[in-house]
Amino acid sequence: MGFQQREDIQHAYQRVRARSLEIAAPLSAEDCCAQSMPDASPAKWHLAHTTWFFETFILEPHEPGFAPFHCAYRVLFNSYYNGVGARHPRPQRGLLTRPSLDEVRAYRLDVDRRMAQLLAGSADPAVAALVELGLQHEQQHQELMLTDVKHLLAQNPLYPAYTPQEMEAGAAPGSLSWIAFDGGLAEIGYGGSGFCFDNELPRHWTYVAPFELASRLVTNAEYLEFIEAGGYRDPALWLAEGWDRVCAGEIPHPLYWIDRQDGWHEFTLHGVQPLDSARPVTHVSLYEADAYARWRARNESGVRLPTEAEWEFAARQAALAAGGLHPPAANGDGLLQMFGACWQWTSSSYAPYPGYAPAPGAVGEYNGKFMVNQYVLRGSSCATPDGHARASYRNFFPAGARWQFTGIRLAR
Amino acid sequence: MGFQQREDIQHAYQRVRARSLEIAAPLSAEDCCAQSMPDASPAKWHLAHTTWFFETFILEPHEPGFAPFHCAYRVLFNSYYNGVGARHPRPQRGLLTRPSLDEVRAYRLDVDRRMAQLLAGSADPAVAALVELGLQHEQQHQELMLTDVKHLLAQNPLYPAYTPQEMEAGAAPGSLSWIAFDGGLAEIGYGGSGFCFDNELPRHWTYVAPFELASRLVTNAEYLEFIEAGGYRDPALWLAEGWDRVCAGEIPHPLYWIDRQDGWHEFTLHGVQPLDSARPVTHVSLYEADAYARWRARNESGVRLPTEAEWEFAARQAALAAGGLHPPAANGDGLLQMFGACWQWTSSSYAPYPGYAPAPGAVGEYNGKFMVNQYVLRGSSCATPDGHARASYRNFFPAGARWQFTGIRLAR
Amino acid sequence: MGFQQREDIQHAYQRVRARSLEIAAPLSAEDCCAQSMPDASPAKWHLAHTTWFFETFILEPHEPGFAPFHCAYRVLFNSYYNGVGARHPRPQRGLLTRPSLDEVRAYRLDVDRRMAQLLAGSADPAVAALVELGLQHEQQHQELMLTDVKHLLAQNPLYPAYTPQEMEAGAAPGSLSWIAFDGGLAEIGYGGSGFCFDNELPRHWTYVAPFELASRLVTNAEYLEFIEAGGYRDPALWLAEGWDRVCAGEIPHPLYWIDRQDGWHEFTLHGVQPLDSARPVTHVSLYEADAYARWRARNESGVRLPTEAEWEFAARQAALAAGGLHPPAANGDGLLQMFGACWQWTSSSYAPYPGYAPAPGAVGEYNGKFMVNQYVLRGSSCATPDGHARASYRNFFPAGARWQFTGIRLAR
Amino acid sequence: MGFQQREDIQHAYQRVRARSLEIAAPLSAEDCCAQSMPDASPAKWHLAHTTWFFETFILEPHEPGFAPFHCAYRVLFNSYYNGVGARHPRPQRGLLTRPSLDEVRAYRLDVDRRMAQLLAGSADPAVAALVELGLQHEQQHQELMLTDVKHLLAQNPLYPAYTPQEMEAGAAPGSLSWIAFDGGLAEIGYGGSGFCFDNELPRHWTYVAPFELASRLVTNAEYLEFIEAGGYRDPALWLAEGWDRVCAGEIPHPLYWIDRQDGWHEFTLHGVQPLDSARPVTHVSLYEADAYARWRARNESGVRLPTEAEWEFAARQAALAAGGLHPPAANGDGLLQMFGACWQWTSSSYAPYPGYAPAPGAVGEYNGKFMVNQYVLRGSSCATPDGHARASYRNFFPAGARWQFTGIRLAR
């Protein structure tokens, strides 16, 4: 369901916008300004870009007597919308020491004030739909703020914590079991009446052969067995592209793992912690997820990653869950950790559903043009904002991306 | 059908092996040695590597008293089989001025002699199956020999022809029409009793929604309209990755097109020729094929590239055809140019069929490990050897590859 | 003369150290953290590294009961001293959002307090010599703080000023005249009793043929003539390496020049200003300086860049001058602008003087190991701290460096 | 002395031109076509480019009714003369499989025939001077043909020999002694009446302090001591740029050295040979030569590389020598191996002599534009053609170049 069904749109606006500032609160102005790689953006940029979205797509066409807060921001905080004009080069976002964090906060305040005014006076459903899109968009950036700042802090030899805290070791989860699904001709894609992104549409028929899904994600303990069995030294387990990266030293183990004299540790948003056997392995690429599955298949015939259709087929009965700054261990019976722990790599490349059409105008440059050389991840992670996930949600990243909270769900 | 059903395996061996030398015949030793890019290999290397395949996978395990022709060739002419040991770095194949072309010919003769001896004395069906695989493998390299040497010759400002010849302009084909298919639950994958590659298996059920397929490939004349309408200047038509390459100047028009004062020309294996309006556009990337389809969709709702399942569904009734050194114009009625003109980009990423398992051993490193970040092309091209194509055949290349005879078949 | 002759060493310490903080004062914490290219460092890093120098080379060996302020700083703020151990990778200095600017200020305070204590209690001339070296080193970084932050601000489309101010156009200087020198066998290198860097030693004999030196630096107006005459389009004027960069679009005009509809402008530390005809051209590479000289030589036989020996020979009679944030116009008669405007490219590569020996220990890794593929600049710039320059001073940068205040003095 | 003094110019032309073909004689067409790195050129290209030089700079202006042999060759075989128009990109010379080696031989024949005709009928001293320049130019390329083909063959895992032959170990040379020179004000540069390159002019005064020069080159045995003492692991010995390359694994030992179970070997033009202790170390960069000298300086105060002025000062009394395909061991007393063994790195950057002016026109693009970021090598090597060397000769390469026959002469 979208916001407008659940709560007053103005209240939703305030709630979501406030959350972004909460995420930035533990960070200094310096932390908010730096960019650790072209794929990641500074927190300040996220705060400004999400504001730019409301200013550009809602205030500009709908506010009477619209004047931009600052005309240069149109370019500075455009991410990739060609339809809106020029944009600042992505790899140089970290050089924007001006506007300052304080000025960006002032930008947010100003746009929020004007949005409140607009929403108070307007019942235009087109505006409401754009606000909903803008809030969903902001929620996506809220997750990125956390994963991007994690990547930045991890580059610092001091390994500073986002919020320092000692993490308790999770209780060992039960052994992985297989849950069977009949499959058959099934409808896939969003079928409700609330909000969804255009890439979840149209709902359509697909044939799913009978399959089984693992009851929970692969744990650190299980992944460590793969490492200790020589998984990163055996080319037969790897996609050729992945093996090239392993040989180049780019993928020696999951991102953020640290091999110390006193054992494996993991850098988390709470700082460096001893590796917790019970929690799911996270920050792995599709290459690693796939290699792990192939390794398992040597002893358990047919083990592999699920397709996105299989995942969605199974997810209809799964409980939503969310929260925290690191994926929790599985707890309980049945189909666990579908949501709220790690995004789950599928073997499906990111492609349009049959009959897919992007929204008209610049706002439609949201999904379609990225549908090549990316792979679908399903579910949600600990960092996904509450209320943002659903069974038909399609997240997507290149096969080598590791800085998201990605994990491994097996199928067979 | 595989070779062993069609003809005596020994005869097939002689026929296919001889064909490779025929392809090399118009080339000098210098032409056969150079490498124009890491993706392309020298003709001499193709001649040696296909021989290495028979020596390594058939003679070594099956010839009594096997001794290698030259022990260094094991490394020099291994392409990517990790299971067989080290290999010469791919981008440096053009530096192998030794062994000479004459020595590689001697290598072929020696292996052919020993293969003849082995085949004369053996009725082992495992050997026959490997010979079949080796011949199909050599046919794939025969197509690459032509496309790789075309790329090499195109780097030379003299634009030398592989075989000089004036090409006749084709007759203008009829206008493109749409052929409707009902779709439904359908079996996809190879279902015959002859040879197929492992990636065509297992045959499996899939659901295909009703669709229409264009009766023929997009012509040069039609593609030129797209160029003249500003197709390469409009970001809204392009996948983001493709647009980045267009902006970087890497994709200004189809590969081998030459913009001269007296009009567009095209470099072909017969030398530079005036662009023939009637022939299909070829040497385009998936990015270009996709952008062209989006441009058409502005006026004809729903136009897009087909999925590989749609293509295969339709292809069951299509006639095989082959031959020549440049794609011919369409001629006739019905579903034309499915085979023998240009490989056709689909929107399907190259992924394993449900239940896919590679062959055991090093020979199984043939398909599976490349199933990421590549896209499926269907059909065959003018350069595909006679008898090599079939409806279930899955060719695959990265989205940016342009040096194959790739073309555009539309769907909707 | 070194500090110890001029003033009490403790006073000098306080004065120089305070100046670094003054330079950082107009900058926010964000401004101080970002790094715009690998060659430039964040202001915060400069503040910390200069402090690290005193802590590592003076406190560590000389302070009783020495304990480091923070043991990780040893690595974080080491620039290039292999003798002192590991160091943080230079291109990633901008990712060090921690320690914060406040923490670095606290680091400075702590080291300053301990240095004051040490200096109060010690009359060790070895310590005094190291303090002098540390202060001269800090002055070098003071100049870099200004040029590095200028480069950073110039990457921002907002073109923020370091200190906003309208610059007055200088009065047109008199036309360039030639001042003749007899040359002869001459002593070059530092010959005084004060401080100098090891690369200025030993003083040695060299033969200087008779030559003439331009009375002042080349102005913006004169350089503009070169541009308008097609200087950047004529390969005959350029060193081959420079021409390659011109063709690659890397050197279209002096760095920081902006071509606007209403004429040429220049980004300065005071913000964007109309190009001032009277001031010297600055932020040019050796390639540009050399090309300009060759262009002048077409009409004035023998015009070229000076050697460093010629420059030093002439400079003995030149007046020191300093100050400001942009090079001032020449004013007066005689040999002008030798100091305090722009560093002046010479045709001399940076090489050891005959008999040169670096200081023993890690502190000796200061000059010698950079004596390859760099060129000597002589004089000083507007950004050089007061009291830092002298006639024998040898500055050095790669031929392509442009972010320093570099200018052109002609010889013939 | 130039050719015209020594022998009839026509005879010289025939002799030098014939020598190029002799050098190519042991090579196949394939060997002559490949290019192993951008800095090296195919032998076929050398054969064509040297011919292009005569055609372009002599026949074109001086032959009545001149018509080019093939108009495309003007671009294909231009090396770097901007004044003559476009040129084929250097890194793609190896892709020129056409014209064939036979066609290039025909090109040579044709130009030689026309040159003979021109020379028979002309006594124009300007023509004679250009012929002399063309022959000297061709001799330089003769040396490059050998070093470039050596580099190519070394990339082949088969390590084919240019001319297979077992090399005899040299007799151990006497221990290195120091020969003293008084120095003083001296004239440097070519002072004779024969041919020299423009970079050897003008002859000029320079001051040379008293110095000593090593009696012979550093041997393999001596260099091995440096390696075994950890020379490649000690940053204190290296220029910073060189150390970066060592750390990147690019410079593990002299180029072409091979570390085998049965000891060090060296790839030579005669194939792989056991490392000969008596012969001079060769194929070292300036970084290695400089590091070796610093290592020696730890025990012998002041050891370093010579300047080019020192080298030339000393060379006036040295005997010319030449020949062979690998540097021979020193033999005898006095100042040995100044010529005919290895080019000797100096500490002098390649810069114009005072008053230097390049020749007018395109032919003047020979030396001047390369006078940046290169270092002077003096003497000659085993591969330098007989009669090409002289004491004032200035060879030059970037500090990292290793594929020439470079060696180490110490000074102090």
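Order of writing sets the chain letters: A, B, C and D. Residues in each chain are counted from 1.
Operating definition for what follows: contacts are C-beta pairs under 8 Å (C-beta built on N, C-alpha and C of every residue); 3 or more make two chains touch, one makes a residue touch a chain.
Chain by chain, the UniProt names read as follows: A, B, C, D = Ergothioneine biosynthesis protein EgtB.
Since the model is a prediction, treat every value here as computed from it, not as a measurement.
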Partner chains shared by chain B and chain D (touch criterion as defined above): none
Inter-centroid spacing, chain B versus chain A (mean Cα positions, whole Å): 37
Distance from chain C to chain B - Cα centre to Cα centre, in angstrom: 58
Multi-partner residues of chain C (at least 2 other chains): none
Chain pairs that touch, as defined at the top of this document: A-B, A-C, B-D, C-D
Of all residues in chain C, those that touch chain A in their complex: 28-34, 36, 72, 75-76, 88, 92, 94-101, 152-153, 155-158, 160
Touch list for chain A against partner chain B, complex: 80, 82-83, 185, 204-207, 209, 235-236, 238-243, 286-287, 290, 302, 304, 347-349, 351-352, 354-355, 365, 369-373, 399
